[in-house]
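Okay, so chain A shows up in both of these, paired with chain B first and chain C after.
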Partner chain A sequence: MSAPHRGQPATGATGAPPARSAAGASTTDQLQRALDRISRVRGVRGSMWVAAEDGIPVAQLLMEGVKGKAVAALAASLARKVSGAAAATGAGRVRFVQMEAAGGTLLVAPAAQDLLIVALADSRVNIGLVRLEMIRAAEAALA
Partner chain B sequence: MSTTSVVEAWTEGPLVRYVGQASARLVLVMTPSGQVLAQHGFARAVDLMPAAALGAAIMASSGALAQQLGEQAFGALFHAGVHHGIHLAQCATPRGTLIVLTVFGRETSIGLVELFFEEFAAALKTAAPVDQVREPVLAKDFEADLNRSLTSLFRR
Partner chain C sequence: MADDVRSLTAALARDPASLAYADLAEALRRRGQRHEALQVTLQGLVRHPMHADGHDCLARIYADLGDLERARLAWSKALEIAPDHLGSLRGVAFLLFRQGDLAAAEAALRKLLARAPGDEGARRALEVVRAGGAPAAAAPAGAPAAGPGRRVTEPRLLSARRPEVFHGFDGATNDILLLDQRGLVLAGGLTDAEGHDASELAAAALAGVSGEAVRTAEYLGLDAWSAIVAEAEQANLVVAPVGDGALLLVRRDRSMAVGLALRFAERARGIALAWLQGQGA
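== the complex of A and B ==
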């Protein structure tokens, strides 16, 4: 699969027509393509773009049974709290958050345009590979 | 000090849980006519009365707008401010339709409020007594009802 196109900044979920890059790919296409790449990693149960401030899903690709709304809200809350902790300790900008639990792993990477890219994976996932795809998506999709 | 007070006891458990989960600053549970059943965070009756009246009015006018568009009703309204957001939604219970106004700050998000509002609405539906039908609000009783609610909420 080809790398996501570099396009115009996202117009946001305001109902405005999606922005298109010179190559013709809309912002929605770019976001969806990034989710495709992440979700192809074995063990990933879903991935989504989330509005960091609001905790609302912007685009998502989830397996059946994954509660997207809940994951988005809680991932944004987690990211905000971790960013607060990082700021308080002088650690600087958070690049990646990994939360391992008994039933799986939640991964969050802040991206441009006040978005987060979030992945939900089970225990057999190759974290390094998902992390690589997420950071690549965060850096590239909305650049 | 933040306070929770209720006119109808069955609303208290769900409300306390919702406030904690959603990190809401102010919550108002009322009927579509603006009668307050429960509140969290309001310190004075004089602050609560206009909030209830405006919340009920917003839901009534948006409901009328929905009907104009062929919708039965709008699910929820959300307004984002710089320091506060408001979430206004209604839920069906055996005691009739209720309106919930939630005011929240930057310590939470609309996503979390939406998420926990769904649980709150389900909890209200479960907790509401099924054997008591709400009487229609009559103009002649309105002021007495309002005063009774405010006395109950603020113990004055």
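== the complex of A and C ==
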């Protein structure tokens, strides 16, 4: 796994042994490639696949110091709350969530198989670019 | 509305034993005359202690007054008398939702929908509860009156009078909502696809989002959060904190670019902040 633009990433996939698709690429490979693309965007401090239901990381590519488990749990919880609010407001199924804060941005995109793709970025990140990569990953991975 | 009150008052004067007291109380409640409504209802229930509609009305008044415990007791009494009383089933369900008891709220909503499958507000509330819910903390007993439009019951009923804070904004009364940290509506409004008021339900759900955002920002060392943007299938939502504890929701059509929606929300936020400061909040 190659490093993001700066710092030394802590990487890894968790969970069951990787399944292989018809094309031969393992699911874990697909997930990690998606994370690699997202993490190459300047300003991204980490990205991860998270089980939506319980907020546990499935695969991750993080810079040193980023608390993966906390990011995963909080992102899943936030996504759940926002989905509930979206249902209450008649907005329908949520496709992408970004939480902006003074010190950075948390981005979440629901994907197939009850997974979320999550990115944590600093406040100067090109959100449009990260969003593009995340939605592409969410639509393509595990399809 | 004034004519309703006059005619109902006259009807009750002609026949003090009439059940019209409940209609009169409801008319008064909708006008914001909650204490008068309470008097009428309590007097009516002395004559008709087994009148489920009267207990239902009493519960709504207590809910408006922020006395959720008495509201719960009154709805429980109504359901003792008439187990299928739809207004009371709805009231109990939304009360439980508001208090954060999601399991009980889901059970109550299922019960309500079994008897009233067409109740769109209940169906939507059930979706919210199943999605993990986001109830606001219960308003404490004796809390300041929530205003004529703020009820924890029947989100389908449009609130009558809310401050026109966003006058001149596109969607001022149906796409922009200002609420407090307890999930109570302050101004603006939100309607569902059928044009029914969904403000109360949305406000209750959004209060949970605010708390989650604060927690997330703190844990991750992101400092204060400034906005949440949710892109959804039917609309884009922007949620932003306003001042000390208030929250703004702006709903925009999917056709509006997210960046524009954010700018629109920022303008609305400025208006809301100025208004809150003018209220001394």
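Note that the second predicted complex is superposed on the first by the 126 of 143 C-alpha atoms of A that agree within 3 Å, B and C clash if a C-alpha of one lies under 4 Å from a C-alpha of the other, contacts with A are read in each partner's own complex, and residues count from 1 in each chain.
Operating definition for what follows: a contact is a pair of C-beta atoms (placed from the backbone, for glycine too) under 8 Å apart; a residue touches a chain by one contact, two chains touch by 3 or more.
Keep in mind the model is a prediction, meaning the values are calculated, not measured.
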Superposed partners chain B and chain C on chain A - clash or fit: fit
Touched partner set for A:Gln113, first chain B, second chain C, both or neither: neither
Partner chain(s) touched by A:Met99 [first = chain B, second = chain C, both, neither]: second
Touching partner for A:Ala70 - first (chain B), second (chain C), both, neither: both
Contact breadth on chain A, by residue count: chain C or chain B: C
Partner chain(s) touched by A:Gln32 [first = chain B, second = chain C, both, neither]: neither
Chain B versus chain C as contact partner of A:Asp54, first or second or both or neither: first
A:Ala86 touches, of chain B and chain C: first, second, both or neither? second
Partner chain in contact with A:Leu78 - chain B first, chain C second, else both or neither: second
Least Cα gap, in Å, left between chain B and chain C after the two complexes are fitted on chain A: 5
Chain A positions touched by chain B in one structure and by chain C in the second: 70, 74, 77, 80
Complex contact set, residues of chain A against chain B: 50-51, 53-56, 69-70, 72-74, 76-77, 80
Touching residues on chain A, where the partner in the complex is chain C: 67, 70-71, 74-75, 77-78, 80-106, 120
Interface residues, chain C side, partner chain A - complex: 124-125, 127-129, 131-134, 190, 192-193, 198, 201-202, 204-206, 208-209, 212-213, 215-217, 219-237, 239, 249, 251
Chain A contact footprint on chain B (complex, rising order): 80, 108-112, 114-115
